[in-house]
Amino acid sequence: MTKLFVLVVISTAAILPQTLAQEPKISEASQECIDCHASLHPGIVADWKASRHSRVTPAEGMLVKKNARRISAKSVPDELKDVVVGCAECHKLRGDKHADTFDHLEHKIHVVVSPADCAVCHPVERDEFEQNIMSRAYTNLAHNAVYNVLENALIGDIQNKNGKLHYGAASDLTKETGCYHCHGTKLEFKGMETRDHDLIGEAEFPVIKGWPNQGVGRINLDGSVGACSACHTRHDFSIEMARKPHTCRECHVGPDVPAYKVYMASKHGNIYAAKGSSWNYTNVPWTVGADFSAPTCATCHMSLLANTDGEIVAERTHRMNDRLPWRIFGLPYAHPHPVSPDTTIIKNSDGLQLPTDFAGNFAKDFLIGPEERAERAAEMQKVCSACHDSSWTKGFWKRFEHEIEKTNEKTAVATEILLRAWNLGIADKANPFDEPIERKWMDVWLFHANSVRFSAAMGGGGDYSVFADGYYQMHQKIAELHKEVETEASKAQVSTEEEKK
Amino acid sequence: MTKLFVLVVISTAAILPQTLAQEPKISEASQECIDCHASLHPGIVADWKASRHSRVTPAEGMLVKKNARRISAKSVPDELKDVVVGCAECHKLRGDKHADTFDHLEHKIHVVVSPADCAVCHPVERDEFEQNIMSRAYTNLAHNAVYNVLENALIGDIQNKNGKLHYGAASDLTKETGCYHCHGTKLEFKGMETRDHDLIGEAEFPVIKGWPNQGVGRINLDGSVGACSACHTRHDFSIEMARKPHTCRECHVGPDVPAYKVYMASKHGNIYAAKGSSWNYTNVPWTVGADFSAPTCATCHMSLLANTDGEIVAERTHRMNDRLPWRIFGLPYAHPHPVSPDTTIIKNSDGLQLPTDFAGNFAKDFLIGPEERAERAAEMQKVCSACHDSSWTKGFWKRFEHEIEKTNEKTAVATEILLRAWNLGIADKANPFDEPIERKWMDVWLFHANSVRFSAAMGGGGDYSVFADGYYQMHQKIAELHKEVETEASKAQVSTEEEKK
Amino acid sequence: MTKLFVLVVISTAAILPQTLAQEPKISEASQECIDCHASLHPGIVADWKASRHSRVTPAEGMLVKKNARRISAKSVPDELKDVVVGCAECHKLRGDKHADTFDHLEHKIHVVVSPADCAVCHPVERDEFEQNIMSRAYTNLAHNAVYNVLENALIGDIQNKNGKLHYGAASDLTKETGCYHCHGTKLEFKGMETRDHDLIGEAEFPVIKGWPNQGVGRINLDGSVGACSACHTRHDFSIEMARKPHTCRECHVGPDVPAYKVYMASKHGNIYAAKGSSWNYTNVPWTVGADFSAPTCATCHMSLLANTDGEIVAERTHRMNDRLPWRIFGLPYAHPHPVSPDTTIIKNSDGLQLPTDFAGNFAKDFLIGPEERAERAAEMQKVCSACHDSSWTKGFWKRFEHEIEKTNEKTAVATEILLRAWNLGIADKANPFDEPIERKWMDVWLFHANSVRFSAAMGGGGDYSVFADGYYQMHQKIAELHKEVETEASKAQVSTEEEKK
């Protein structure tokens, strides 16, 4: 339709060293897998064929020079070195560690590949991710007494009896579809079952509770935590997908964590949407200005960045908190980042496993201090400086920290109203999350204060700060909370008066 | 900016058989149309020129071998065979059947091309679509007594009189912008009008009530139902567009049917967003692993799929319910798919045209039974198996059906509360959709139960199951409903007590 | 993965006249900037290098023939003519006019480049934009007494005292992150500060209140209004980005102005999403059918459009109201477009700076009349006619204006309820935006009536008309408003009755 000249474009798979043009060295075991599975599950095999794993052997990967190197292991076991990373190389790895290892035709394989398997070639990334709060997303939710009560109120079974709603535990399957879809499930090996298969007849396969799942904090059958496939989608495992914002959207899209929506409505997201199709997402290091011209989520939070002179702008990290002084996800207040990725150890002034108390005081002993915050802010601002001068960055950051303060102030206003409701017996704090008034209080900090903070952090403000789940709704709900409580309070007084009569 | 090698990509129009490089054989009549309209409406003509219709004659199309063939007619009328499918071929077709056929310069043409016109070459698709519940989207809404009341409460005119709000019928134009934009309008020929045209002077043109419209259940001027252009956008009619999820978004984006939003936030949607620009969307059959590596909406619901050996994975269908055991759109409960696409014939235990009654009992005689459900589930799971082993698919499906059950349970809790409100006279069931309490009850099943089910079905869960219009809001509204009704109920008792005094 | 033939596409930067292949003529001053900043801020410099500014001198740009010409100045100062438009050409321009001009190494530069700087080459666009209501987005908000009260209620500081919530002024920083992020801030030069810089040691830099900001109505340090970079993103300033809808999304995404969401869910948005990656976004004029096959926001509202014969379909305008008879953003009612971009001069029948009064009467003297509306409608419909015949366009437009009328009717119903609440003392109209009942009234017109109108205007209807923040929620909130007021009213009567007893 349009007259178009020249060409250009993409296909990251095409950008591989010349030397790889030769046939990939697939192990015999992997070839056996492919012989059947290419017909049975063509999607998986095709994905793998498009991947770097299918073309580069670890030995070849280890020839790459420092900053461009993707394998962080100092050495790789001999038997893996000279074949590409195929089915068998991962699904037969460390077989004795996996509870789901079983006999499949001639092979002992396991279904669930874990970060500990990936760490054979990528140990630094695994180690960093273990220190990333995301790796504890299962544990931090499941082993927190406050969150357990919350979970029941949100997704538990409901019984309507004697004029009251009772919230029981959620069913396992609802948990797996709900919170633990993103947080990760705890996988459990439940024995073997026989299936009758078209091709191989009757055979035994493992039954795994909590499967399938790719949540970031999954508890694996070898005891390891996390799932690299959460972001490095199977079986391509591409750095390209992990660097694009759509991967983050899988979990960060709702009103509680509207990162994707805020980003896409920001100037950065605009540039990505308009021009991102011509960027290079596979180069390592990732060069600002040469490979891309606006940051994605990964750019600011994780990636190894260089300037056009090849100088490193920011180091790669899979411990994403490295560049995060603040945790802007309110619980119920935004707060300095926890020191340990394990937040179940936190005790606030009320003895609860929460990073702040109801008045907004930080559980200081468990949160990073001002020096560490300053270092992390500086680390993040290095990324900003690749495109912005210091007056821009300072102005942005000042507003961001101001909005943390302001939204915490608003949360305090809402919380005071709730406390008054509890004190007056208008609501019952036995379960602080189940009554309408309490749920409205949750809206204030979980949706609206968070939206404002995400908007300030990732977009510098805009519609998500005000009208799209931001201040507008925050003030609206505070006003409603206040009205409800004051109306009940004045009724209660009337009743008292009347009783006196 | 980036150094990029080699090329690749796109322009589906370019991928046409060699033999078509020669000039397309445009009929004289169509050429006459183009001679003026290319200047008047360049967008339409350009779209058509980019289409397969503009390049391939039916005779050429019929040479294509079985699975790759796009024309399902066994024969095509002689006068159409050897010219490409241009303006005149469609707009002059079956002229005597169309109420809007009129004299336009030398030609008798009709404005609205219908599926019955398309069926001259594509009869199988038309026949299937007539059995698709979507083809009855106009009738099923307009000829259902319950929905008529609902429609008034949602988009009707409002009068505020004597302390009450009265909901009258919606205006025709609001209906056309509202519900019937997607459901399809009933087109009516309203005579001719004279327009003074720059190029041809005064001329007569038909006046058509309900036009323009491209809704899936449109009632056409030849009495046929549906609009192929709903998904195969005029005048390109490309299979590519129909296979991309943006087409489905046109109608499936709101909180009632958040399919697009759920899909885009799923792993599948992530892969599509990150890698889909290099896929082939025009090959027939559509080969998993070769043409694409993650499903779009069409993949799971409609397309003819093959594996990389050329074996058929799933048959094409325009009767989308073929792969759908359940209708997860609650009315008010999710239920087995209706047997007939015409749902106006359904009678539930209360005598209403609804697939379930208020207690959640299915109107069994009108819904498919367990055997048919099992067959359809198996048909859908064939698609899953192209990329997933059976333990993955089984785990996914088990959770999906569990969420149907759980959300129906929650809908039952909300409905019991509503019934109590009706019984106590707190609300008036004369119109079950107009009072605040009733509207909140609608939120529960129409928005939140649906969101949870769509999320489980198309994303395996995640944010749309919990925080983004899912369980969080469902439980919040159930709690509010309960509080309101119990508060009124206790007041009513007080009043009764007081009256007794 | 897929077998793909031939090539095609993209990289607009590549499509430059042959003659430009030679080295760009960068001024000495700009080269000095680049020498350091290419390493310091590689992103900015790379963006600029990808821009037309970096390759074409004004003299070359002025050789281009009429409709294709991008420079609207009749002449350009000699010193700028024969060098490309680099750092120094803009940041040193009109130095004596800018309050932030300072000595930076050997140069006097200013940080904030303004539309008055851009106007040296692009005066027509600047002049038009000054007549665009968007250019007054700061002033129209900040200097309107009603909006000041509204602003406090939405983003101001809250104090909870004596059983009442008090809304004070918002902090400057919250304003900048909130409303003024899009509306534009008022920049103020606050003196110089010393920064210690790695490369140049201690140096003085200006401190600018309200910076950074790229809002459309920014008040600049030379007294000019607006920010071209709002849409022509720095430092690429590409017409491509401005023509894509993602730019508009930056400000038009929330429930108050859901333009982007409505567009993307429309047939037009569907076509853009499915096929837009192969369109040409840089040609001037922009040819319907040749360059693109469905409109983006810019197409309908701004761009210079031609048909495939090279005839002009619509003239370019940066005074976007040129094609807009109605302002569909309700305040609280939709209304004819204001005559002046300065809306602070409006007085309605109540003496308020609002385009309508509470009963919906237009402040006629300040709004365009029927003739001007007819002309603007005709101008917009020229764009429609590039792809649609007149029956389509007429049908669409009739529904659009009908929805303006209907949503104004519904706003009137809600407003009457609010007036009753004020009259009965149920709410206090001193601040008409702070109480729950008033905030619900705002939802009706600001979110839901707007959504319906945007949906009718940009999508012809659909989910955003009904379920996605449209009629469904509008009627729900009207019903709730009504219930709350009538309940309070009947209580008040009871009290009165009781008092009488």
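For clarity, chains are labelled A, B and C in written order, and residue numbers in each chain start from 1.
One rule holds for everything that comes next: a contact is a pair of C-beta atoms (placed from the backbone, for glycine too) under 8 Å apart; a residue touches a chain by one contact, two chains touch by 3 or more.
Keep in mind that this is a model prediction, so the values were computed, not measured.
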Looking only at residue numbers at the subunit A/subunit B interface, is the share used by both copies over half or under half? Answer same or different. different
If subunit B and subunit C share one sequence, what is the angle of the rotation that overlays their CA atoms, in steps of 5 degrees? 120
Rounded Å distance between subunit A and subunit B, as computed from the means of their C-alpha atoms: 33
If you look at subunit A, which of its residues touch at least two other chains? 1, 7-9, 46, 50, 277-278, 289-290, 293
Parts of subunit A lying in touch with subunit C, wherever the complex brings them together: 1-9, 13, 46, 49-50, 264-267, 269-271, 273-275, 277-278, 287-290, 293-294, 307-309, 311, 385-392, 395-396, 398-399, 402-403, 406, 409-410, 413, 416-417, 452, 455-456, 460-468, 470-472, 475-476, 478-480, 482-483, 486, 489
Per the touch rule, the subunit C residues reaching subunit A in their complex are 1, 7-11, 14-15, 38-47, 50, 111, 153-155, 157-158, 160, 163, 165, 167, 171, 173-174, 176-179, 181-182, 195, 205-208, 211-212, 214, 233, 236, 240-241, 244, 246-247, 249-257, 277-280, 289-293, 434-436, 439, 446-447
